[in-house]
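Structures are listed in the sections that come next.
Same chain, two partners: chain A is paired with chain B first, then with chain C.
Right after this comes the complex of A and B.
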């Protein structure tokens, strides 16, 4: 998948906004959104929030994890843990990217948050890379992908599946060869 | 979203044809009439018993599979024990592009022949790829430009590397510049075109 396709999927995540207009419920395929009351927070999908924000019709309230201290804490936990830790959102990277690029003035300390998210991403990606490497070297046949987000999984595709397919072919050839060896010795 | 299948050799695959084109040393165990032209070193009409010639693998495997076999297939340099030991010691530094462009595919085809060292060869193949994979992964994900060392890769490794690099650079683009417009898959566009032409034909 292309990263923009993952982004498209992630845009279905909900985020809260404070609208400055009043409107009745909006019926969408994914569910109803609203009703909108000026000044009262309401949950909407990210794509809608971004659109409303572009037209100056709302203020986006950042999710509470999008905060320098919380992200630093997550990063420390991620570093100390051998396995992947649970992220506050299935698409934390995309959500952060989208919200931070769209709303400069709604969220304080944007640059610091951006850095913190990037650090967290780097820590997780390097962990993913080293675990993929051990997985290949030890010849594992299955792996748990707990708490890996879509974008992270997407970053090793199609490299990893193709490499695994190839190793499988090599191993099948090797099994065939040793079986023939056994047969010829008998 | 495109389905992207991993490479499997097939009848029409150029890579497979090129891989079986690599030469192996063969020693004839039978006299073969009228095939003297295969041996560039002699101008006789027939191939005598005991002649050693380098033949492409596809030909060697046919000569070897007859019973009794017409020619005995030897090992090419890269799969001899000395080179196998090098591959075992540190596969990451070996320049496979120079030594054998189709190291894995060729090796697998060679293992199909009933050779007494084929199980050792195949285990070297598996282990080398496992060790070399880390490099490929790092190169593919780390740089937006082509790594000069990637020229040392075998053709199959190269294929995996290029695929990984494409993903790596699109991810990098997304991280730095944000999302781009999603375009329709090629298949959908083709399908629409086909529908249009069909309509035109009907009217």
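Right after this comes the complex of A and C.
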């Protein structure tokens, strides 16, 4: 899947905004959003938040996990745990990227937050790479991948599934070959 | 003007499914289709229902003032939904073009009440196969000796690899999914807990997609 499609999916996540206008509910096909009251926070999908922000109709409130200390804590937990830990958002990387580039002046310490998200991502990706390595070496064909986010899964696609397909094909071929060997020995 | 959008959330005469659920079903179908090696049953009734909904929304939008902030938001949503639908249909067409003969053959083994292809897709597949056949005959087959002139459609069509590996998320608990072992390993049984994520071969979970127990990711 193209990363932009992962982004497309992530844009459905809700984010809190403070509108500077008042309006009744908007009945979207995907569900109702609002009502909007100037100055009062309301949850909207990210794609809508970004659009309203572009038109200077709102201020975006960063989710509470988008914070240097919280992200550092998540990173430490990720390092000390053998398995993947649960992320505050199914699309933390994309959400962070989208919001940080949009709200430059709404949030303080944007650069530091960006670094912290990247660090967290790096820790998780290197964990993912080493697990993929062990997984392939042990010759498994099933693995549990709890708490991996969509973008992370997408980062090992198509390489991992294709590698497994190929191993499977070689195994089947060698099964056939050894059966033929046995037959010719008889 | 009073806001009349989304008032008629319901489709058809006897099928009462709220619009947002139709959309969710289409989105799930889109991702499943994207990641599935095989062609899944067509969701054309949902596609049609959603196209109607889009049309209705567009009609409503013309009644709004251009300056209303909702106009742009609604247009954005419609564009997003259109993308999902076109990408879904295009993914299916790609599979049909790649595995034409195989898919047509499979379709004949299914009961008429349970087709995997929509009417349009079926026609497309037949025509595509006919074009291929004609093309090959013109280009090669009529120039080779008679014993080799047969167009063997099924032997030329690719067959999807049902053993290929996919990522999935379990939408509910499923116990005892059997993964076939090979020569050295025995069959393995896996329980899929609700919300757990896995990588495994497509074949053992193929029917779990049909009943909605798992979602490909």
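Keep this in mind: the second predicted complex is superposed on the first by the 183 of 186 C-alpha atoms of A that agree within 3 Å, B and C clash if a C-alpha of one lies under 4 Å from a C-alpha of the other, contacts with A are read in each partner's own complex, and residues count from 1 in each chain.
One rule holds for everything that comes next: contacts are C-beta pairs under 8 Å (C-beta built on N, C-alpha and C of every residue); 3 or more make two chains touch, one makes a residue touch a chain.
Owing to the predicted nature of the structure, the values given are computational and were not obtained by experimental measurement.
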item: Overlay on chain A: chain C relative to chain B, clash or fit; value: fit
item: Touched partner set for A:37, first chain B, second chain C, both or neither; value: neither
item: Partner chain in contact with A:1 - chain B first, chain C second, else both or neither; value: both
item: Partner chain in contact with A:153 - chain B first, chain C second, else both or neither; value: second
item: Contacts of A:21 with chain B and chain C, given as first, second, both or neither; value: second
item: A:171 touches, of chain B and chain C: first, second, both or neither?; value: both
item: First, second, both or neither for A:144, with chain B first and chain C second; value: second
item: Cα-centre angle that chain B and chain C span when viewed from chain A, reported as a multiple of 10 degrees; value: 60
item: Contacts of A:97 with chain B and chain C, given as first, second, both or neither; value: first
item: Partner chain in contact with A:51 - chain B first, chain C second, else both or neither; value: second
item: Touched partner set for A:79, first chain B, second chain C, both or neither; value: neither
item: Minimum Cα separation, chain C to chain B, after superposition on A (Å); value: 5
item: Chain B/chain C common contact set on chain A; value: 1, 5, 8, 139, 157, 161, 165, 171, 178
item: Partner chain B, residues of chain A touching it in the complex; value: 1-5, 7-8, 97, 101, 129, 132-133, 136-137, 139, 154-159, 161-163, 165-167, 169-171, 173-174, 176-178, 180-181, 184
item: Contact set on chain A toward chain C in their complex; value: 1, 5, 8, 21, 23-32, 47-48, 51-52, 55, 57, 139, 141-148, 150, 153, 157, 160-161, 164-165, 168, 171-172, 175, 178
item: Residues of chain B defined as touching chain A within the complex; value: 1, 4, 6-8, 104, 108, 111-112, 114, 116, 118-119, 121-123, 125-126, 129-131, 133-134, 136-138, 140-141, 156, 160, 163-164, 167-168, 170-171, 173-175, 178-182
item: Complex contact set, residues of chain C against chain A; value: 3, 5-7, 19-20, 23, 34-35, 50, 53-54, 57, 69-70, 72-74, 76-78, 80-81, 83, 87, 161, 163-167, 179, 182-183, 185, 188, 190, 196-201, 217
